[in-house]
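Questions regarding the structure given below will be posed in turn.
Chain IDs A, B and C follow the sequence of writing; residue 1 opens each chain.
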Amino acid sequence: MDMHSLLVISVGAIFISNFVLHRFLGLCPYIGVSKQLDSAVGMGMAVIFVMTMASVATWLIYHYFLSPSPLNILFRLLMRGQGEPPDLTYLRTIAFILVIATLVQFVEMVIQKLSPGLYRSLGIYLPLITTNCAVLGVSLLNINEQYSFIESVVNGFTSGLGFTLALVLMAGLREKLELAQVPRSMHGAPIAFIIAGCMSLAFLGFSGLKF
Amino acid sequence: MSPGKELIKGFYTENPVFRLMLGLCPVLATSTSVNNGIGMGAATLFVLVCSNVVISLIRKAIPAKIRIPIFIMIIATFVTIVDLVMAGFFPELHESLGIFISLIVVNCIILGRAEAYASKNNVFYAFIDGLGMGLGFTLSMILISSIREILGNGTWLGLEVFGSGYNPVLLMILSPGAFFTIGLLMSFLSWFEGRRSSCVTNF
Amino acid sequence: MKDVMRFAFILTLTAAVTSGSLAYVNSVTRPRITARQNAEMKEALHYVLQGSEKGIIESVFQNGEIVFYKGYQKPDKRDLIGYAFVASGQGYSSEIQTMVGVNPQGKILRVRILFQQETPGLGTRCEEIRKNESVPWWQRQFQGTDAQSIKVDKDGGAIESITGATITSRAITESIALKTKIVLQKTDQKDN
């Protein structure tokens, strides 16, 4: 395995094209769940977990069911490997979103059974994640960038890590902000966006990093 | 409930972007130029109207327990239709919007309207609601992308605004500019509302 | 139990109806999308290998994938114009793909950017066309340079980089130099 390309993907996903600050994915939880540090950490962990799982699941679905390759399981079972493999890639949006929704539900049930402690800390965030565009976003990016399986998993995990980094930094700032005097019209979301802008500005400094 | 009121509520009082703060990801990501903004707005408008109408049509046949997966499937279908049609007929727009077309499916406005409105009202009102909300979203997109394109590139829809002597504020086109624009617009709106309500209480 | 069966039936029905309608839309739009992509590719090839419209363009495969194209002035594969290939490199926010035409000596004939999703107003200026001109000014400066050794001005080369978009400029320039080396090596082996 090429460690160098994995390192490039990781640094890219965490710093250079950070999911929140550069790609603008997952803004709803970023603004919504960043008021307290504890809940930000919880949400971050849940997102890392789901994004990694979703990368695994959607990569397998795409390459073994949808893409027109000889590996396609439907092609091998139904057509016995004869003729041209079917191109079902147009079903990818609908397939991915259903897989992600099912996956989140499944993960929730498993965690609830196996580890009530973990469930108490992650559980409430899991249902929120289905409509988090970061999860579908990372699945689609993995396909668009033509990542291999390992690269997809690494990209999923590190993108989640980048999301968590931005979220936790934001929560830390907003906890301090409680004590600051903010103009009345800036209360709540507006000041959060301005801070996000400043953070995004700082993260721009990472662009051009090279290995 | 009058159709006119239902239509214009999305423009200001229940504006999806500034008031309900729904669907912010595509707003910030694709407002780099007015062209992209209008494209994204129109795509969302189409999906919103179609899914509202279909969901309202079959609302009595959907069992409450499994309504969400069914809504998602219907929405995803229309999103894919937009995706394919755009790739065939507007390839350049399709290229610059990238994965954000597919991501319309997780735009909270659409599922939100399906759940809160289309599944409870008849087809006519669902259509009006989808149209109003979609137009409200498109107008917000045009507003934000206009600010960013004019300041950041000195152009509006590709036409020069300030003449060749203008040195563009590149920051507005880059990602921080999106955050600053929406933050300042929201704060302006909240200041404006604060003034209006204090006027009302004074009288 | 009865409920579960009913739910399963309704969900299956919805899935069947939605994917069926998508299959229909796909069958209508797909030919158009492929035709458009092919036409774009052909147009770009004719653009970078000028004079090949009346001749023939031959694809050279390796392991089932097209590595580069050979363009001839005559339909019976006489008068080689040069080679064309797609160079791709990681830009600021996207993988940039450039169609490059080089003559057999490795001098660039013309280039055309096929795909980029760079920052509007910065990186996208690599495709900017100035008033009263028909060719993007940034791409024109590649014409006639030695493809294997091109560099942007910040790296001591002759290619003027786009203001505020050095990463984009460098990505395109380096991807062209790299791919040219690969392609010219292959053509040398073939000719010998």
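The rule is short, and it goes like this: a contact is a pair of C-beta atoms (placed from the backbone, for glycine too) under 8 Å apart; a residue touches a chain by one contact, two chains touch by 3 or more.
Quick caveat: nothing in here was measured; it's all calculated off a predicted structure.
Trainee: Can you check which chain pair, B-C or A-B, has more C-beta pairs in contact?
Mentor: A-B
Trainee: Please identify which chain has its centre, taken as the mean of its CA atoms, farthest from the centre of chain C.
Mentor: It is B whose centre lies farthest from that of chain C.
Trainee: Between chain A and chain C, what is the gap in Å from one C-alpha centre to the other?
Mentor: Using C-alpha averages as centres, the distance is 29 Å.
Trainee: Where the CA atoms of chain B average out and where those of chain C average out, how many Å apart are those spots?
Mentor: Taking the mean C-alpha position of each chain, the two centres sit 33 Å apart.
Trainee: Could you please state the distance in Å, as a whole number, between where the Cα atoms of chain A are centred and where those of chain B are centred?
Mentor: Each chain's C-alpha centroid was found; their separation is 22 Å.
Trainee: Mind pulling the chain B residues that touch 2 or more other chains?
Mentor: 69, 73, 76-77, 80, 84, 98, 174 - these are the residues of chain B that touch more than one other chain.
Trainee: Touching two or more other chains, which residues of chain C qualify?
Mentor: 18, 22, 25-26, 30
Trainee: Could you check chain A for residues that touch two or more other chains and list them?
Mentor: 22, 90-91, 94 - these are the residues of chain A that touch more than one other chain.
Trainee: Sort out for me which residues of chain C touch chain A in the complex.
Mentor: 18-19, 22-23, 25-26, 30, 92-93, 95, 166-167
Trainee: State the interface residues of chain B toward chain A in the complex, per the touch definition above.
Mentor: 21-22, 24-26, 28-29, 68-69, 72-73, 76-77, 79-80, 83-84, 98-99, 102-103, 105-108, 111, 171, 174-180, 182-184, 186-188, 190-191, 194
Trainee: Okay, in this complex, where on chain C does chain B touch?
Mentor: Residue positions touching the partner: 3, 6-7, 10-11, 14-15, 18, 21-22, 25-26, 29-30, 32-33, 36, 40, 115, 117, 119-122, 164.
Trainee: Applying the document's contact rule, which stretches of chain A touch chain B when the two form their complex?
Mentor: For chain A paired with chain B, touching residues are 21-28, 31, 90-94, 97-98, 101, 131-133, 136-137, 140-141, 144, 183-187, 189-194, 196-198, 200-201, 204.
Trainee: Spell out the residues on chain B that touch chain C in their complex, using ranges where they run on.
Mentor: Listed in rising order, the residues are 32-33, 36, 61-63, 65-66, 69-70, 73-74, 76-77, 80-81, 84-85, 87-89, 91, 95-96, 98, 149, 152-153, 168, 170, 173-174.
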